[in-house]
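Got some structures for you, see below.
Okay, so chain A shows up in both of these, paired with chain B first and chain C after.
Presenting the complex of A and B:
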């Protein structure tokens, strides 16, 4: 779905920008955040520079609590390691921080996400004769296994939200309530939140299914249903995503992604 | 013992067809691209490549026909997305069919750590419940103390680990800084280690700061002085990431023909890494050099 420009009292912004800003709002000041490459890094940097200066970023290649300079393209880049509290190893951060249970929120992107919050980043089609071979887990599986709160940021397209993933790379609620326990996972009822350019959805701990909690400005439920391969529930407290503040927009545009690497410009200013 | 040699000599003498080679073990930085290009140039075949994420290095080696199997958690192009050569090999068997041992980042680290400690597996709680948890390199095991179900990760033993480092002496005692990925695990897991290094420094220089020595020289069989040997990946203190190089590779490698022309230009038409750097040009290399220094303070090891 092509998403147009939205005007607010703060001037114009587009929903790709608001998606990043809304995702950043899910990070609380002081959270230990295990952060992945791409948009998760952008939104985490924004949170760090606005409402959550005391967040502790942990990056899978080893950095603990770095200052993320102008957002780098990959997580394993000196630009994402500046003045870190520690530069350690992958085994240390994924073992001694993540598996150990010290991470508050894991933050990743996703290729395919199904109704139970399972993520596929391995293969489209049959595993043995793939239609599209995707790169694989990276650290996503580890983060999905161990984060008590899992935040996923992804552009909303129907093919990204099938009823059932072709392949479960990273576990959500697997095939339903109780399945994570049966599989032997440590975190049994994670809160999985997906932020897209249309919607915010969150898993229900009892059913393991997604519920729409917020809609982007100008987006209605039919637009969500029409672009989603399953029918999510709707929270009784359905809200509209708050528009961005001037500070959010300025920080995103001028400090976090000044070159428009992640948010394509030209439309709004 | 002086282990300095040329990259050509090291790859000729230490890498045999069919070997399991760990390379690119610090994730997207310090990837030994120069060594990868030399492997391609020498047309090594049937290799097994080992690492969590080595950005486009695995895609290049797959496209060049050097690889039979990968033990990895992610193969693609970190900046641009999918790895076109990885796709062609997995989807169409072009240029050769590819076996994939699926991992998460953490299980690659645990497999290497098991080998590094001389045990056959290590237990974890990760990966359980996923579709690749049923693969043959994983087993469900019961904790003998509390009865908890764990995932056993089979050890991963590289024949060779090739690592790019910032400083090494001629014996292979190496200083590495920045994020460490699984470099330490890979060095101790492998049967032998080849280092390419930004700088060759004196033995005394390394010994003056032993906590920074990630790889002790007794593990190392070859040391190559190869400045900018990790280009286009970053080497903290020496070179920034050349982002455009990855995007250009992504565009060209979209087709098999484009891949072959990319390999011709950047690998086969130059005789060594110096030739590759000359092709990049001074202006571009200058732009990749960090401006100024950010030194750490010295510490006293006196007693």
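Presenting the complex of A and C:
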């Protein structure tokens, strides 16, 4: 699906940008955020430079509470290491911070997300004879098991939102309510929020299913249904995602993604 | 000991090899080149994130099996040789999460048979296993909390691990700068470890400030002074990753076949040593650019590079 342009009072922005800005808004100042590579790193960098300067980023290769000036392109990028409170190890971060229960938000992407918030980053097709072999869990399974809140940012395409994942790399609500508890997971009802360029969806702790809580400006529910392999519920208080502030847009364009690596330039400005 | 002798002595056909580094940071590339030149085969590669060091060995047809948490080069894309051969069934991949893998090294380094974790539960990582894996995991009931499931993962003790670090003395007292990923656990679990380093420092420097030692010499089998030994990946405080060469490698790896062979012929088999390779990728001029890029990163934070 191609993303349309939307006019704000202050000029134009596109929904890829608003997706990053909206995802950043879900991080509160002071949250301990376990950050994965790619768009999660972009949105976390933006949050740190705007409303959440005291967010504590933890990165699986070892950095604990770095100050991120330039957006790191990898969890092993030196850009993720400067002025950290500590440069530790993977065991320290994934074990002593995450599994220990100290992470507020796990922030990741994923190739497929199904109706129960399960995530696949391992394989498209059959595991034994894959159509496409993907990287695998990395720290994502650990994050989905142990973070109290899970924030997922992906560009909205139908193939990314199947009814059921080809392979469950990282557990959401598995096959429904109570399944996480039966499996033995410690966090029983995580809040799973997906932010895309069309919509914000959040899992309902009772049913384990996604509900649409916000629509991007200019996007209607039919567009969401047409681009999603399952039919999400709709929150009684359905809102529109607030447009970006000048500060958000400027910070994103000039500081976080100055070279247009994550949001292609020239479409809208 | 030189790298040729170290690899000849500690890496053998069929070995389980622990790979240090992660993604675009501190992969032990010089040692990987030497393993390829010596044609050590039927290797099982283990680590957390398996990156370009793994992909190059797979591209050289020296790998039978991988065990890890992920295979990729992040923004630079998949590890294409690995992806192609996992898809075709030519090599097998045993999947764990990163915490799962480091828990296995943790058991190994403490002389224990297994380690519990609360990750993986409910996921398909516990549903599927690689064909030659006998037993991947066990789920037990927590003896102190009846009814609670706990996953046990088997200890992993590599035959030999290869890491590239910032500093070591000639005995093998190692200082790792920046993130350490899974390396401390993996190295302490390994029967042998080959270290390449940017700088050899005096032992008295280690011993006057021993709390900075990441790994003491008792775990290290060979130390080789190999500046730029992680190229094209980065070494924190020394040089940034070489995006241009990474992209070039990725083009070859993605194309596969002749292009992978051509890459290996030109850069690995066609090089006597890693020094030759470094000349081919741009020599001093290029390397200084990468060094400057890292200095800029460090200086912008008021750090001492």
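Rule of thumb we're sticking to: the second predicted complex is superposed on the first by the 269 of 269 C-alpha atoms of A that agree within 3 Å, B and C clash if a C-alpha of one lies under 4 Å from a C-alpha of the other, contacts with A are read in each partner's own complex, and residues count from 1 in each chain.
FYI, contacts are C-beta pairs under 8 Å (C-beta built on N, C-alpha and C of every residue); 3 or more make two chains touch, one makes a residue touch a chain.
Remember, predicted model here, so these are calculated numbers, not experimental data.
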Chain A as common anchor, with chain B and chain C clashing or fitting: clash
If we overlay the two complexes on their shared chain A, which of chain B and chain C does A:112 touch? Say first, second, both or neither. neither
Have a look at where A:69 lands relative to chain B and chain C in the superposition and call it first, second, both or neither. second
Touch test for A:60: chain B only (first), chain C only (second), both, or neither? both
Report for A:50: first if it touches chain B alone, second if chain C alone, otherwise both or neither. neither
Touch test for A:90: chain B only (first), chain C only (second), both, or neither? both
Return first, second, both or neither, reflecting whether A:251 touches chain B, chain C, both chains, or no partner chain. neither
Both chain B and chain C touch chain A; at which residues? 37, 59-63, 73-79, 81, 87-91, 94-95, 98-99, 122, 127, 129-142, 145-146, 167-171, 174, 179-180, 183-186
With touch defined as at the start, can you tell me which chain A residues reach chain C in the complex? 37-38, 59-63, 67, 69-70, 73-79, 81-83, 87-91, 94-95, 98-99, 122, 127-142, 145-146, 167-171, 174, 179-180, 182-186, 261
Within their complex, state which residues of chain C touch chain A. 21-26, 48-49, 68-72, 74-75, 78-79, 82-83, 86-87, 89, 93, 95-100, 102-103, 106, 117-125, 128, 139, 148-150, 177-185, 233-234, 236-237, 240-241, 294, 297-298, 300-301, 303
Considering only the defined contacts, which chain A positions touch chain B in the complex? 37, 59-63, 72-79, 81, 87-91, 94-95, 98-99, 122, 127, 129-142, 145-146, 167-171, 174, 179-180, 183-186
Flag every residue of chain B that touches chain A in the complex, lowest number first. 26-29, 52-53, 55, 72-76, 78-79, 81-83, 86-87, 90-91, 100, 102-106, 109-110, 113, 124-133, 140, 148-151, 177-185, 234, 236, 240-241, 243, 246
